[in-house]
């Protein structure tokens, strides 16, 4: 079929500890950690301290936290970690758009150094020159990679960077007295949901372009969307389908002519580093996810960074402070005339910045380009194999190349066997794989999105594809087997019905005890 | 008339005795079996009521059920009146979910019999169906029925019943009128195959759209309001009672014309600045030509392409899976005029640009 | 990589020539460049990126970066009294052990099956915080305190249908900037005055400006300047009488000894988890929590993910999933509540480990020891000529403003002098508002021994002469 007959799918079984909730481990009197007591002198001078608490502010009852001995806490959370399939442990191609590449461990060693961990953001700049230098230098690297003129690392993730872009766009039009008139932002259906949602937070009306038969937003559609009410365009390119929009320059031009600004959501930058840049396409703003393309680990969902870049004219709008250099001294500049203020405390997630810096230094210009090229090679290699699998298809862009990911469809499989993309994803867990469908709404029916990145070897990619093949075949032969998966995972079929019912949902253990029978 | 989207609560964790009924046409045995086989695990906990012999009983028995057969006057059910009679009987028996196999004709008959008094679901018979009351395929109908009977698909939404003129249909011309709305169970993926909305979300979306449209309306214009539940929500927002199935006219936020035909429309719109507010009708995504033929090519041209305001919920749009909206005005030149991209209002301060073609 | 050499980089396996060639063959192309044919030629970068030379050797990279980082001084090498939204607390070893685990560190968005552990750990975070806060709903953490406060205010607006928020004017200036950016244009922000001597909210001013447009009243307790707002009950009563909600920011570290805001009428409570077992990381250790009671109208307004516990098909097994997922922007794009993305999950897990280790007794011990140490510091500082601590005549928790007005020296100069003694003096408040000219914000936690504090007193005495 698509891979070597010798490629086998693992006889995997995830750890399954049946680990109770931490509260269930509580035993009266057990201690996890002891807090240092004050010296006698201090006790003599100020007494117990807590007597100073005003009436009504003194906690009457100790918080009902569990009492668990130290080793048991360790064991509990280590077991929970075994119930988690990090990218380090699996061929993590199946989380499309997330760019689950290798997070080099040397970068972890450096990020954990006390020279990072034990530094306070309000320290005098002279005592934090190392941190400021790293931030400044990464700024210059990203300027070169994107063609933008200045970067801020303050946004704590991609969505926060989009909010910052929308904020800058608004401030820009406000300065020209046009903020009330220009109240519409244009985006596309295959851009990240936050491109729409964050714009709405800033009060914008959102116009979403749906795709044409090629899976791309059409220039004709854009022309219908622009008007003198257009504030800007927020777009991902290539979009989550993996297709590069060849008309992107015209898109930017049309919006500029209408008086709007263009923001580039570069969540999908991994396949185009050193190949093409935001500035040549005409963008005014862009951001990169340091936890995607630039290798900072995902941490189960953060901490992360959305590195925000702008062209010259917009530098004064950036959130404060930005890092600047004078001679060989680095400092924080809070003095930007049109600043939008702040989007986050302090300056950003420094460990993420550091890791991105290390990654870029390790690879250099050639390495970055090679990473992009191999990511694209891996993706198109996977595409060749996957589209041959019975039941799978790759809608749009027939015969064309994709960049770093592909949105596939199990539509045929579902029609012919009743097995859905959700079912396949759960069965993939039985082999130690993830498989992600798509953001909502599902425009492509029964979608699954695969992004190999440059990190996995051919043998590993073959292993992943063999897994998909096996399950697709199983769907035709024994659909029930797929539909009742997973079997080798941490738990069996989850009952989701309570999660949307206010009478039954339990977001905390105490709520659970109140609403359901006590254990 | 005009049932509401509502939430159906469950009565507790224990499985209640529920009843499922069938009205079937003979050639749809296989489809019935496909659907019922998804309900096999419930055979001891639900009561299945159906029509005798090859009209449902046989298929039910084949799937392991012990159905109760309703009485019928004579042999197999073939006529519309037989369908209606069977449906009414099942309604009288207090059936919780009525499953039927067929096409637009069957849906029309079911609607004429029970209206919005009960929850129903169609098993498609394989012909092209314009009514939106059918699941995508028999398998999905079975799965959705299974979820509904277990209390796991609690949401019910209104779906269009289209009345197709059979004679015209056979002659190759489609004349579809919007006939009414039936209530069907709705579990995100099984009907629309996507997690496209929160509980009662289509209603929420319609209210949001109504808010947006109402805000944009100006006293300068006469607004022609097309049929549909989305446009009805707009009328409700304006505190006006229009016709669900017909074309109404609104000016300065007052109802100045009800259920107008082509001639009356042209007469009333003479010399006025007009806008048209429409929404796609039916399961095939038609903007013009199914259920709103009063909006003839003449009317459309009088109003002008740029004065057309389209309202549509995201649920409706996403159920098309990227297929363009369609127009079939009866006049090729008008169809060509309407070919292209249109702005569609999909919520409060939300719009999309979507392809319309013929 | 040096010119002319083509070393395969350790991070890019399929760069190895033979594998690459085989893959190209299997796709049926000669050159990877063909895969970029959809990108117009005019957009293709025709030159190499101008970046410093690569350092593919791990050893070279390590030495290089360590060299740069060595120019940082740390709060371990010095005695730091800096606070102001980022705090130096002790991080138990097990917190580091768990937050470094590959499984957690590199997981992301898998299903509640193969990523069950992530869901359970974050559910436990929500649950442990719930006990500190005495509320039944807590979110999966957002970016930081600024975000939590901003979202809490927008939630209040959505819930009440009103658009004005009243904010205590002793709020941290950073948080105010973030709130202003996040909450405009939807909301209007009005400041409530404080009493100059105590720092507490001027309740009369509050009563004067609250109206039918007020969605929520916001204050911080302990405040940004460290004093305890004991009028909590009165303020929330005023809010409720006017149909508004009471939004309170709290320091979770204080909740071993301080009353949770829910107990004096707070409707939405928010704050930062950095003090719960997360290193300062130069400002990279933050995570924001939002808590409410378990009412549908509140739950449905959260933009964050909310992990709930449920059953599976096997009795006794716990399953997890997203509660009311459809309200998030993942599900419905712009019609969702604000937006959700990648925030601070790993710090949430770390805080869960911290609270599990601490338990009720250590949280009490922590609160007590912080109060004792900070009170000791305030007392001794006040004994130094020209120094007054605290500035505000109120009880404080952990942080307090110190006035150096009478010393004749600026805070900037004092801090420079302290630096020479290996001490990081408190945050200079002089530029933040005219009343605080010559004042600094000092933070004293469980990490400051008597000896550390005595060093501070001595150093100040020396520099003030």
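In order of appearance the chains are A, B and C, and numbering begins at 1 in each one.
In the analysis below, a residue touches a chain if its C-beta (ideal position, glycine included) is under 8 Å from a C-beta of that chain, and two chains touch if they have at least 3 such contacts.
Please read all numbers here as calculations on a predicted model, not as lab measurements.
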Exercise for the section: Compute per-chain Cα centres, compare each with the mean of all protein Cα atoms, and return the closest chain. Expected result: A
Exercise for the section: Sort the other chains by how far their Cα centres are from that of subunit B and give me the top one. Expected result: C
Handout entry: CA centroid of subunit A to CA centroid of subunit C, Å
Key = 19
Problem - Centre-to-centre distance between subunit C and subunit B (centres being mean Cα positions), rounded to whole Å - result: 50
Practice task
Compute the distance, rounded to whole Å, between the mean C-alpha positions of subunit A and subunit B.
Solution key: 39
Exercise for the section: Please list all residues of subunit A that touch 2 or more other chains. Expected result: 200, 206, 208, 440-441, 500
Completion exercise
The positions of subunit B in contact with two or more other chains are 195-196, 199, 314, 350
Fill in the blank from the handout: Each of the following residues of subunit C touches two or more other chains, namely 324-326, 331-332, 334
Handout entry: Complex contact set, residues of subunit B against subunit A
Key = 137, 139, 143, 152, 189, 193-196, 199, 314, 317-318, 321-322, 340-343, 346, 349-355
Exercise for the section: Over in the complex, which subunit A residues touch subunit B? Could you list them? Expected result: 189, 200, 204-212, 218, 220-225, 415, 418, 420, 422, 440-446, 497, 500
